[in-house]
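Several structures are given next for inspection.
Each of the two complexes below includes chain A, the first together with chain B, the second together with chain C.
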Partner chain A sequence: MSAYAVDVATLARKDVLLELRSRDTLPAMLLFVVSALVVFHFALPADASDRAEIGLFWIALIFTALLGLTRAFAAERDQGLLDGLVLAPVDRSAIWAAKVISVVVFLALAEAVALPAYALFFQPVGWQLVAAVALADVGIASIGALVAAMAVASRSRELLLPLLFLPLAIPVVIGGVGASVSENPASFLGFLGLYDAVFAILAWASFEYVVTE
Partner chain B sequence: MSSPNRAAAALAIAAAGLLVGGVALAIFWAPEDVDQGFSQKIFFIHVPVALTAYAFFGFGAWKALRLLSTRNSRYDLESYTAVHMGVIFGLLTLVTGSIWAKTSWGQWWSWGERQLVLFLIVFLFYSAYFMLRYSTDPGPRRERNSAVFALFGVALIPVSFLAVRIAGTILHPTVFTHDDGVAMPWEMFLAFCICLGGVLALAATFYRVELAGKRIDESLKELREQLA
Partner chain C sequence: MIRARAIQKRFGDKRVLQGIDLDVPEGEFLLVTGRNGAGKTTLLRLLAGLAAPTRGELEVSVERGQIGYLTHEPLVYRELTALENLDLYGRLYRVPDRRERTGMLLERFGLWESRTERAGTYSRGMLQRLALCRTFLHDPVLLLLDEPFAALDDQGADLLQDELAGGRTVVVAAHDPARFATLATARLALT
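What follows is the complex of A and B.
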């Protein structure tokens, strides 16, 4: 493994380990996503279409991700860890890559609960939805890790993050919903892949400017 | 300070001349649209304003890129001013587009109109830019965060364009397509180009005046801090 990959793996391991010890974020995400699905069941009229349910699933997913992202840099902020990380002899983009990995891990765990819950409450889950969710996770985490770092540097942290994140997440929702609703899911999945690639490269390249003083 | 002022004045005169001439040509000389009649004339303002907004967002991103590569904080104010102007022109685009939608289709907002939906996404994104700026303390950190966010905007525009386009094929049936942009009569096209020139000149005037104002604000703030 190259030195860069070792750095990324070490940093990602730190995040996962912190979460395993403190259990701050993940239980909240799990409870939130299930509560949101239950709320949505009552928000929908009894004769609502399957397509509306798909849309609500994506809303639940986006807001659960937002919940996780709000906490993504909590440890770094509370303990002044970010300064230490920036001083450490690692490439700054490795900090971003590690954060993306840990966010994807948390999201995947939340979805491991959310998808069966959705299948139980609403309708069976197709392969298109699983593929779209997997692709969306990468995009959400790439964008999210960057804007979360921006929001942490501001005065109104928790308030700012959704404002920065939601406009950027609109294409993810379009791609995700389209993949499940359309007769031609491949084009929407392809679009999600393109979104991931464009914003991952952009975030990877620009993260350094966001964290250095 | 005299030469920038003179340039702004020249631009303002050019904008006034081109806009008056362009609008007059559009109303009295260019042929009336067969389907929409007189209401189609808003096209000569709406589309130039929309293109100007895009130009401002692109310009702001270019200045942001210059900031990140040179670390010269002069570009921060220029990028901010460009985004600020872009948001104002974006709001104007939404308003004029909404008026056009009302007169030709009878409703103020149509999710089937892709360009407007795209504009709404972009407008929300750049409004968040202001929130980011206002809630971060001034300094190099804010300059760079704003610059990175402005850069993301130019990536979001084509990606959202694609998203709205493929979504339009299934989520909302495409009722209206106006792909006849190139096929318009040459009189119409000429009037459009003059209007575009006028709006661009107006935009450049606004940009210069606003940038000068923001610079004065900055130096005033510095003076106040020195006095305090």
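What follows is the complex of A and C.
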């Protein structure tokens, strides 16, 4: 394994361990996504279209991710720890890559509950939805970890994170809903894959400038 | 090792540092004094590369991984144990014989017995000792220390004093210069 991969694995392991100890983020994400799906179940009329149901599922997913991203740099922000990581002789993008991995892990765990809940309240879950969710997770975590780091440096971080993240997440909703309801899901899945690649490269390349002055 | 010419640092309209010139050769122990808000912490952040000067030239001929930086925050994760924190930094700094070095420092700074307790349960003084273990873990060439004696008891202060007498290049910011009277080879008073 390369030194870069070892650094990423070390930092990602630390993030997962912190969550296992503090249990701050994942329970909140699980509670939110299930609650949102329950509310949508009762709010929608019985004859609501598939598109409306899947659209609301994706909205629940995006806001669940936002909840996780709000906490992504909580330990570093509260205890000034970003300085400690930035001073270490590791490629600074390794900090971003580790956050991406931990956010994907937390999102996947939330979705492991959200997808069966969606099947229970609305309609069966097809492979297209599972594939779209998996691709969306990578894009959400890639751009989300970058904007979460930007927000940490700001005094109005609670406001800045949703303002930066939600507009950037619109293509994820378009691709996710399209892949789930379209007769040609491959093109929407390809769109999500392209989104992942573009934003992962942009975030990876620009993270260093976000965490240094 | 450090060369600064007319460095200035501003935060918006507020001027924190103005016209600072510095020459710190290898092995020098520079004591930086000044009242609260004089810019001591900002100067150390500039030297660590955590911030950039607004104006002026600053050269620090030490690689990032060879700097030991101690600040007001201990820079340790409160949810991790002392051992886990030092293991994390040891991996990131690629410290050879990481476990032996960690054990030696924990023993030396009196934290061995509490090594498996989470840092969040430590007293302020114990956190400062853990922060010192983190600072010395990778055997840094350049030490940047901000009020290193804060919260340390007499025993901890003596241990630190011994470590600082090792001939490293040190820049230390302090309110109380008496502690460093025998160590300091140069002084900078910020106004």
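The definition used in the following text is that the second predicted complex is superposed on the first by the 213 of 213 C-alpha atoms of A that agree within 3 Å, B and C clash if a C-alpha of one lies under 4 Å from a C-alpha of the other, contacts with A are read in each partner's own complex, and residues count from 1 in each chain.
As a convention for this text, contacts are C-beta pairs under 8 Å (C-beta built on N, C-alpha and C of every residue); 3 or more make two chains touch, one makes a residue touch a chain.
Please read these numbers as outputs of a predicted model, since none were measured by experiment.
Of the two partner chains, neither chain B nor chain C is touched by A:158. Once the two complexes are laid over each other on the shared chain, residue contacts for A:14 go to chain C alone; chain B is not touched.
Of the two partner chains placed by the overlay, neither chain B nor chain C lies in contact with A:50.
Once the two structures are overlaid, the count of chain A residues touched is higher for B than for its counterpart among chain B and chain C. Of the two partner chains placed by superposition, chain B and chain C are both touched by A:213.
By the touch criterion defined above, A:86 reaches chain C but does not reach chain B. Common to the chain B-facing and chain C-facing surfaces of chain A are residues 212-213. Partner chain C is touched in their complex by these residues of chain A: 3, 6-7, 10-11, 14, 17-18, 21-22, 75, 79-81, 83-90, 212-213. Considering their complex, residues 68, 121, 124-125, 127-128, 131-132, 135-137, 140-142, 144-145, 147-149, 151-152, 155-156, 159-160, 162-164, 166-167, 170-171 of chain B touch chain A. Contacts from chain A toward chain B in the complex involve residues 146-147, 150, 153-156, 159-160, 163-164, 166-168, 170-171, 174-175, 177-178, 181-183, 187-188, 191, 194-195, 198-199, 202, 206, 209-210, 212-213. Partner chain A is touched in their complex by these residues of chain C: 48-52, 63-65, 67, 69, 71, 73-80, 84, 88-89, 91-94, 118, 134.
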